[in-house]
Amino acid sequence: MTHHRFAPTRFHNAIGSHEPVLRIASGDSVSTWCVDARGRDSHDVEITARGNPQTGPFYIEGAAPGDTIAVHLDRMRPNRPRGWSNSVIAPWIVDAGFVHSMPRGKLDEWDVDATAGTATLRVPSPGLQSLRPLPIDPMLGCFGVAPPGGQAISTATSSTHGGNMDYRGFREGVTVYFPVFVEGALFHLGDGHAVQGDGEIVGTGIEISFDVTFTVRLIKDWATNWPRAENATDIMTVGNARPLDQCVQHATTEMLIWLHEDFGLDSEDASRLLGQCIRYDLGNIFDPAYTMVARVAKSLLPTRMAR
Amino acid sequence: MTHHRFAPTRFHNAIGSHEPVLRIASGDSVSTWCVDARGRDSHDVEITARGNPQTGPFYIEGAAPGDTIAVHLDRMRPNRPRGWSNSVIAPWIVDAGFVHSMPRGKLDEWDVDATAGTATLRVPSPGLQSLRPLPIDPMLGCFGVAPPGGQAISTATSSTHGGNMDYRGFREGVTVYFPVFVEGALFHLGDGHAVQGDGEIVGTGIEISFDVTFTVRLIKDWATNWPRAENATDIMTVGNARPLDQCVQHATTEMLIWLHEDFGLDSEDASRLLGQCIRYDLGNIFDPAYTMVARVAKSLLPTRMAR
Amino acid sequence: MTHHRFAPTRFHNAIGSHEPVLRIASGDSVSTWCVDARGRDSHDVEITARGNPQTGPFYIEGAAPGDTIAVHLDRMRPNRPRGWSNSVIAPWIVDAGFVHSMPRGKLDEWDVDATAGTATLRVPSPGLQSLRPLPIDPMLGCFGVAPPGGQAISTATSSTHGGNMDYRGFREGVTVYFPVFVEGALFHLGDGHAVQGDGEIVGTGIEISFDVTFTVRLIKDWATNWPRAENATDIMTVGNARPLDQCVQHATTEMLIWLHEDFGLDSEDASRLLGQCIRYDLGNIFDPAYTMVARVAKSLLPTRMAR
Amino acid sequence: MTHHRFAPTRFHNAIGSHEPVLRIASGDSVSTWCVDARGRDSHDVEITARGNPQTGPFYIEGAAPGDTIAVHLDRMRPNRPRGWSNSVIAPWIVDAGFVHSMPRGKLDEWDVDATAGTATLRVPSPGLQSLRPLPIDPMLGCFGVAPPGGQAISTATSSTHGGNMDYRGFREGVTVYFPVFVEGALFHLGDGHAVQGDGEIVGTGIEISFDVTFTVRLIKDWATNWPRAENATDIMTVGNARPLDQCVQHATTEMLIWLHEDFGLDSEDASRLLGQCIRYDLGNIFDPAYTMVARVAKSLLPTRMAR
């Protein structure tokens, strides 16, 4: 149960089987930091190329294909006072006939007060003069493990390995499960958002550099197919694909598999429960792969198998 | 401000320009009832053909194309103790390769206690023996106004006129706005659910007959394009289409229009706000047209123009 | 085998259970005409409201739900010298980020010479000065039968009943099969195009009024699910839906059913054949429901059951 | 203008910035061979891991980001007498409710006679006893260049770099253009099909190892965005994505750009032409990214700028 401190010196814009920066054991924690989506650090200095640069990868000793790692997000905090966002909704998220009515976007800056827990537009436009500071809700946009088959997948997108899911439920206190595809799993993380709406419809949250502490647990011989997660109240499964319909298919199927394997519900009983109780959250509808999350309250579930 | 009581004797399985059953004035309330999706009334007797039979239409005096009606759902309550649901998730909501693992569904019956606010499977399968009664959350699945152009649209589906949206946010206390396409608007309603998960993924909620009281207000010269809604905390816009991506486009565009016309936000300021604060709810991913709802907290909005 | 001549006096902008204009027997032919998509007749005079106005409906004696009608398009000819089209591709058919680069469209006029078989832009823009006359290939954009369940479906869209499919394969010489949903089938037709590219990507073909002769044959007790067609070389099935993926699913499934029922191929043998030999044509990607057509060469098929 | 002969000894299952196997100059030709999709060579011996193993990559001297390479497929011939295919259409290509009616697929073997140009099922099932030999039409399923950003993309899928497009138009005599993303372009090729229907709906063509001769020409300072192609009669642009609608958007946009840059047509004139004359071909609707090809006849186009 070692607690590592790691200061990154190089970053990756694709998640793949890169040289590990640190080897850790199951149960270990790591405190590190991530640059923002444009490669800017806690001093707002661009130290690496833009595009969700990743800290890592971290090699988890003993992890092998067919296993799963559980990454607990212990602490996530913006580590500088200035964030930024895009100002206009992406054109594929409004009616095609409405695009001509939309202006070209620009970059907005926000003052982020991590102690007060607020974000404030630096230069409020006239229409938003009365807007009170937004409560922040820090989340990780892009994180995951090396994909299978010798692939290296751009941090612009996501798939079974995680990646750029941009789901606001990935906040402090959540545990995220990733299937292991390569020896050591090779966990990467980056792309902090001080806050983000559902869908990441302007293509950004309030983008900012982060201090992050996480703890990894290795679960041997637990083959999962898609990222899963849980917090105090819910279990969740994640589908990353296009269009949104396919995200829902992946997340729902993965939930059926989980409910069967760990909660003893066959497809029909799981359907009965989910039919009346499931919740779906829209992670993002901006990135090359979209993200939908299926969620069910733990209070509704039967006794769970230990992992 | 008359309060009408209306007992239906005939029902419609398409929403269209049918003969009105009652003419009401703006501000009037109506207490009536709806059969369940299979045409069964409060005695569980099938009195009309299945397929979300609609009570109505109600003619709103003075309503004309270019207006909007506001329907406040004052009270919605199951009026019998027995509901039903399907037992298996629809095959297009799981991975195509998983369909062979899914059983054929059947009809489940539920004991619904409207006073206690619970629903209990009548014959719990072994895996769900420990399932506690589900809290109910009554909602209307299918309601809306006559569509334009001489159309009559099946109650299986939905569009700009409303229809079978199957959104669990359409519960007691909400106000739903519909564009008026024909003289009198011709409001229809039916398809009560004691409770329903996001997406209506088994193709039903817990289907049951309802007593409903609603109040209609006519808003002249307010042209809306899609159903909108509000409750105590949020304003909402509704997109009905396929695939889900297109629902998101419709709901987001309609929200931009609303924020501009009634809250004075141009597309860029509205984008700034929505980008960090919007919520999307999945109504249904079962019907021929799916439903996504965009939602934003009233607490975040500027002063609103009176309608 | 009567040959009727019918001159329409009223038109419909929704396909539904309207009063028949003529009752015909199986085997009968009808010579009639259709206004163009904007309601303009052979004199280019607007005689009815725009939106693919339909001639008909024609009642086929003896047709009942569970039957199929075969409509042979004997002759289709533009009956005036002037057609029109839109000048710009619809915004949802290009990349969302490219929409700002597209101009707003306008109406172009074309000189259509039905004898020479050519269409020529009346006012060629500088870039198209060298464009030779386009060969015409007349087709019907919107035709079909009354849908089930008391529906009346806008001529903007299409479904199992046919409707606005905008498929350039629906030309002279083709036989189109429609499922019968109501007594008499109630066949409607309209929306002639002198020529149209795949996808109807500008939202129009070269729109023009038509003289049409068709022959209807009633096939009792042949329940089909979607429009089908055949010409000298191919059999075809039609899927109308959104997105295109779903059109492909409908057309492919209907082809599997046809190959099984009339050609004796089970799903696996049909798959073997289609896997290496199927062709898909894109009807339209413009209308509310898109259209994809699955096609297979008759020369590859086993002996066919007589209908 | 050297003609190289190259015998591969190792293969790649992801297209990326691998060590080049040969460096060639613009204008050079290469004669080589490719294993089939399961890694089997001309002796039907599995010599590498399955999954569309690629021969190459070939480094084109002088190629740099911002350039385009033109790959002419001079000669493509099955080099063994036995091919194979899957026997059942993939479940996402039929209606979800029809999947339960479909059997599980198996592997079929075909006798391929490259001289006679035919493919014959080795063990015809009863229903296909009368099926005559299918004419073969050899094509490359998966080929392309190293993608940008340090990515390595699985040969299961496709994107802007090409990859597993499975388009039957990529046959002998075609020239395919790829954007250059890395120094040397790094051209890979594999996955020969003796024949394949539109959509690759059973997930395979008739898969077989190939002898291939190709010639590469480097076109400096011609930045393209997606694969393009041309044959004697048509120019083509390729969109690889999901769903099919998005493929159409990519292919259509790329065609507009090509028509503008090389043929002098602005978006409106190009729209006028394409609206009445464009053709779309369905490459595949099986792989993680689908493929649609936009095509227009050279005979309709204005004078072309030399490249």
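The first chain written gets the first letter, and so on, giving A, B, C and D; residue counts start at 1 in each chain.
Here is the rule we go by: a contact is a pair of C-beta atoms (placed from the backbone, for glycine too) under 8 Å apart; a residue touches a chain by one contact, two chains touch by 3 or more.
Here the structure is a predicted model, which is why all the values come from computation and not from measurement.
Greatest centre-to-centre distance from subunit C is found for A, with centres as Cα means.
Judged by contacting C-beta pairs, the busier of the interfaces A-C and A-D is A-D. Here the spacing of subunit C and subunit D, counted between their Cα centres, is 32 Å.
Averaging Cα coordinates per chain places subunit A and subunit C 47 Å apart. Averaged C-alpha coordinates give centres for subunit A and subunit D that are 34 Å from one another. With touch defined as above, residues shared between interfaces to two or more other chains in subunit D number as follows: 92, 96, 243. Of all the residues in subunit C, the ones that touch subunit B in their complex are 12-14, 16, 51, 149-154, 241-243, 246. Residue ranges of subunit B in contact with subunit A, taken from their complex: 85-89, 92-96, 98, 101-103, 105, 108, 119, 121, 125, 127-128, 130-132, 134, 195-202, 204-206, 243-245, 248-250, 252-253, 256, 264-269, 271-280, 282, 285, 290, 300, 302-303. Note for the complex: subunit C touches subunit A at residues 90-92, 96-97, 99-100, 104, 243.
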